[in-house]
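Alright, structures below, take your time with them.
The following pair of complexes shares a single chain, chain A, combined with chain B in the former and chain C in the latter.
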Partner chain A sequence: MDDLALERYFDDSIANDPSYMVEEELDLQNSLKESHASSTNSQNSSNLLGETETSGRLSNDLDLSFLPDDLGNQSSTTTVLATAATNQNAELDVLEDSGINLDDNLHDMAAVKCQVTVNLGSESNASPFCPMTPMTPMTPMTPMTPMTPVTEKSGIIPQLQNIVSTVNLGCPLDLKFIALQARNAEYNPKRFAAVIMRIREPRTTALIFSSGKMVCTGAKSEEESRLAARKYARVVQKLGFPARFLDFKIQNMVASCDVCFPIRLEGLVLTHQQFSSYEPELFPGLIYRMVKPRIVLLIFVSGKVVLTGAKERAEIYEAFENIYPILKGFRKQ
Partner chain B sequence: MFAAGLKCPGCGSSNIVDDDLYCQAQLVCVDCGTVVSEGTLADDPVGGTDVSYSRTTAVTKKPCLNLIKGLERVKEMCRILRLNGEIEDLALTYFRQAYQQESFINVTLQRKEVLAGCCVYVSCRQRNWPITLGTISSLLDADQTLVGGVYQEMIKILNIQAPFINIADVIGAHVQEYKISAQHVTKELAEDSKVLTKRAVALVELAGDSWIVTGRRPLPIMMAATYLAWQSLNPNKHRLRLSLDKFCHLAKVQKRNPAVTRITELKEVLCKLGRELPWVRETVTQDDVVRLVGDILEHRHTLLTRALRTHETAMQADCSQASALNFPTEEVAPSQRSESRDQTADASSVVQLCPTDRMENQEGDDSHQTEDPEPNWGKRVLFAPPCVIHAKRRREEPPVLNVTGDEEISDSEIDSYIRTPQEARDFALMQKAVSSSDSGNS
Partner chain C sequence: QVGKSDVMAGSVTSSSKERPASRTSFIPELQSMMFALGDTRRPLYETAALVEDIVHTQLINMLHQACEGASLRGSRVISAEDILFLMRRDKKKLARVLKYLQFRDYKSKLLKNLEEEDVQQEPGGLAAGGNQRRQRLAQDFLAWMDQTGEFLSLAEKQEVDPVKQERMERLERHTRNMDPAQYAEFCESRQLSFAKKASKFRDWLDCSSLELKPNSIATEILSYLAYETVAQIVDLSLLVKQEMTVKNNPVSHVISASYIHYNTHTESSPATVEPPSGAIQPCHIREAIRRYNYRHTVGTHAYRRSGMAFLTC
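Then we have the complex of A and B:
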């Protein structure tokens, strides 16, 4: 997630609405309530037009299927906007997780949020606020990492660096033919019995075997890995083989992160002897084999941690949340 | 006993006896004494007996020759290292156990010898006898990576744990190797090994506290500590002029290249502490610090606390200066920044930096910062692992795609990966040409 973009987003919203506090969902809702109380008659026809515009834009971006079918009139649309705004906020967090530059999106968001506060101010009946209470559970449609207060969790999210997946193309392949007909393939049967194929987007490498099985490596997320595997299958298809896409499975995920403080590896190996192995003569990092979840962590003195051996993203996050308090314990010796 | 169905060729009687008196079994006629047959030797099957060695009972009765040799090697190594009987017995047990395992029974002799060395190593560590893998490798005259690999495998198979050995314990043994006592070198350069050990231990402890030791190979650090200890015990011009190369040559020890960087790192730490000495007027540089090492080590705990305090006040001063110039920026919602604001110094204090400090970096050298959005916390603390202070520049990573995995794949993209028929023909011709020229040359 680009820091500067996030800063700009917050700056924008502050510039537009002085009473705006953006910390968490609940704060957002509270501030909206406050701005309702404080805002005056700042609405006009252009605002209403703007509202319909934003709602149009919103319906393009958001999946609003979770809302009840029979919506009322104006009040319901503001509810829609409000919940949509919070939903967008939730999405923002998800996207933040996967590290995307949301530059243009953010400006939209800022505009939307202003409109929402203004429109809520324009409403005479206070009932639209009922759905806006913090008690209403907002069920986001997109899977997200839970927003938890910083004091309990580490606040650091490991970034996925590599995903290894396998898929069965379901038909025997002629590797010599593939190596001849494809631009991005290399095949050296004396060295290795598979064709090594690469594509540019997503930047990945695949090992394609004559049995029809394929290994895809180098992707940075599960979806990317799946897309890349499909592209390889499509290439093989185009070359004339009846390739299918069977049993796609993620075999391994590697992630890394930085806790930003040095770690006393000697101390860690003394207290967690059953799990750790630290041999400075052989490898500079400590190898920590966590039992639950079954993940191997490489912990270095610089504070960088590499997690590997996971089949699911949640295992990596869980493993890191387990190790973080242990590492914090070794911060001040 | 009577051998049935045989007739003596001499007298025709059937009184044939199996005579076992001599080494060769003979069938002898009782009446006339003629030897009927004596051919068990000649009748032996060609090419050895029918039953192979591994299937005979001799296998269980007599242990494998290589096992015996291996056990002898273990005993030999224990004697060279002058280990006590307990460690030797433990090593022998481990070797017997490991030898039977699949991964060590049908391997090269060198690997079996390395296994013997690893058993000795593990036993030493379990009985808290300080020893490094480097010593074992030099004893075995094998590559350290090979020894390391065998060691890891053996640990996994035998399911044992070896407690961690502190470098401060090993350095005593290490210093003994240096031939630097009065009987070997001139008086100006000679040093008593006990005194040398004591000072080297202090230096190594200081290095450990300031993050020089963790994650690094111990041998170069020990060499650097010994060298600096030797220089500082009598900092006359003879010693100061001698480089590490010459010192190792003098002490008849093989020089390790990383030791040079370790010396520099150690001297830096000593300089940082030396600055806090109240009776030192001029600035402490890398060249002068050797003379002060004695004083520094004697008062190192006090100096450490003083240095940290000075650093802390310096940070606060810079921080308040920076905040006076900056616009206050909002605190960013939960992210890794919250952690980078805190920092570790050393044994005593934790310094809290103001949040605005995150955006600024008052330590010079911004060349590493410009591409790296993550502020280098290593430059803000007094002591940090050198890998953090001199962080490697990461190459630019392509931005992470936001894909669902089920998108449409454009035909044009796939076509770009497939050769045109002309290309394929050219490629095939070229391959044939290359392979024919190869076969022509070879």
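Then we have the complex of A and C:
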């Protein structure tokens, strides 16, 4: 199948399916508009060309929305993103990141803007459950989990550093062929049984296996990770494989922050023995395995804290809020 | 075959072995380690030199015995199994080594998660075996050796290690009163280990007298054991030091005017007078080793050829 035919094929499938939506504007206020796929199907390419996301993208690598996701009932959900009451994840995402990652139809072109909202969130001293950034769309407050009264919020928000996600492309792949044809791909079967591919925007690395499964690492937010995964899938698709986008799942999130005071780790390891282990001759940080939520924290004398093992952003925030008063108790005066 | 000529029963150091002056020395690192384990801010040079001697002797003796075991089983290198075999008698210490191996595996797994760049540098990592290779190695060996099921349960044991507990408490007390600058120094010293200086450690060990050489995992375990030996020595010596200071004042809590007058300046015999810094002295160490030897060689079994008990097993 030549390239043009492929494009036409995909464009047709969009035209016929009203549930596929392409986000043309990055205006967050309008991000929850109803599906206008039917009106835009013919303008897909121009919309995408006109999109403002990044400058570094290839012109033939734009249209990702039609990748069938096998998530069934997407068509009715496009208008209800605002409330998104079904998914706790959405609470944070809606209010902080304009809530796009839930619905794959509204795939995220707003990675850049997401970063901005997150930063704003930290300045406004948001708690993890009700960030009220000025860019929040005028949606009613979604029902939030009741918060146990905390004496004092930390005022610090951990920043995501790395997201690892997996997705199933749904078809076996010829790795050699991919490695030869694709740019930025390495394949060394003697060392490792997967193709390692990289893209610049979002800056990520993917491991693509012959079974069709793929691991995507290096993104700094959930939406970025999803977007990057879609781009890789698109690359594979363009090479002629019937790639789909099944079971996208975030497997691990890593975040870090700084409490800005020195911590006396010997005291912490003694009082929280069941959770912590501190062997400075092996590793300079204290490893704290929190049970609820199930997160591993690396706590250093300098006050830097690294959190890992989360599947959702909320877990990271919750874990940090749990540990902060404990760390304050062991502040080295 | 009699005991190794360089260690006489009861003697502590390998004084008859010529140590070339240019040999690598861990004395400065040892001083740092002793501080990190509870000694004063600047441990004495002589003390560190003595500790170095002891640790080195013990390691070489262990290696010799491990070498014999390895050649008996027809191996070309000394591997982790040979060392674990030597340690079979002391379950607690064996459990500690197992925990160490688990920790090393866990640490490499954790760090791999944090640094995405490592993904392609460790191609075996995603394979099932890569993640837990050390622990798996140990488990396999223990399974082979285990007659009564006691070894296999070691890895799962969650009970508190009293020695580690005591160390933790001691260090916690130690650090409570430090100011941030001192504490920062202290933390840095705590991070020192033989494993961090692997090549220097290998030179210092000097396996030239051995028929078979230890492989990398065996060397890892040895560097851990070296650190544990130092820790044990410091533990015991601190106890001895503590005892010595109160020994001559059994009723020091009962104070009368005359006692204060007579006892203020002549607290103890010259042998146990402490320098103002309160550092551990070679005599504390010698006494500690003497007691340990006594406890561990009398009546255990007749095959302690070296005549000196190993502090780590």
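The rule we apply is simple: the second predicted complex is superposed on the first by the 180 of 333 C-alpha atoms of A that agree within 3 Å, B and C clash if a C-alpha of one lies under 4 Å from a C-alpha of the other, contacts with A are read in each partner's own complex, and residues count from 1 in each chain.
Here is the rule we go by: a residue touches a chain if its C-beta (ideal position, glycine included) is under 8 Å from a C-beta of that chain, and two chains touch if they have at least 3 such contacts.
All of these numbers come straight from a predicted model, not from anything done at the bench.
When the two structures are aligned on the shared chain, A:V254 is found in touch with chain C, with no touch to chain B. Taking chain B and chain C in turn and counting the residues of chain A each one touches, the greater count comes from B. In the superposition on chain A, contact is made by A:R264 with both chain B and chain C. Legend: residue contacts after superposition of the two complexes on their common chain; A:K238 is shown touching chain B, with no touch to chain C.
Legend: residue contacts after superposition of the two complexes on their common chain; A:R191 is shown touching chain C, with no touch to chain B. Once the two complexes are overlaid on the shared chain, A:G303 sits against chain B while remaining clear of chain C.
Once the two complexes are laid over each other on the shared chain, residue contacts for A:E281 go to chain B and to chain C alike. Of the two partner chains, chain B is the only one that A:R230 touches; chain C does not reach it.
Touched by chain B in one complex and by chain C in the other are residues 262, 264-266, 269-270, 273, 279-282, 284, 301, 332-333 of chain A. Every residue of chain A that touches chain B in the complex is listed here, in rising order: 1-3, 6-7, 10, 14, 22-24, 95, 98-101, 147-150, 153-157, 180-184, 199, 201-203, 220-227, 230-231, 234-235, 238-239, 257-266, 269-270, 273-274, 278-282, 284-285, 300-303, 331-333. Residues 132-134, 144-145, 148, 151-152, 161, 163-164, 166, 208, 211, 214-219, 329-330, 332-336, 338-340, 342-344, 347, 350, 373-374, 377-378, 384-385, 387-388, 398-407, 409, 413-419, 423-424, 427-428 of chain B are the ones that touch chain A when the two sit in their complex.
Within the complex, the chain C residues that touch chain A are 36, 100, 103-104, 106-107, 110, 113-114, 116, 119-120, 123, 126, 160, 168-169, 171-172, 174-176, 178-180, 183-184, 187, 190-193, 195-196, 227. Only residues 161-162, 164, 186, 191-192, 196, 205, 207, 217-218, 252, 254, 262, 264-267, 269-270, 273, 277, 279-284, 287, 296, 298, 301, 306, 308-309, 332-333 of chain A touch chain C when the two sit together in their complex.
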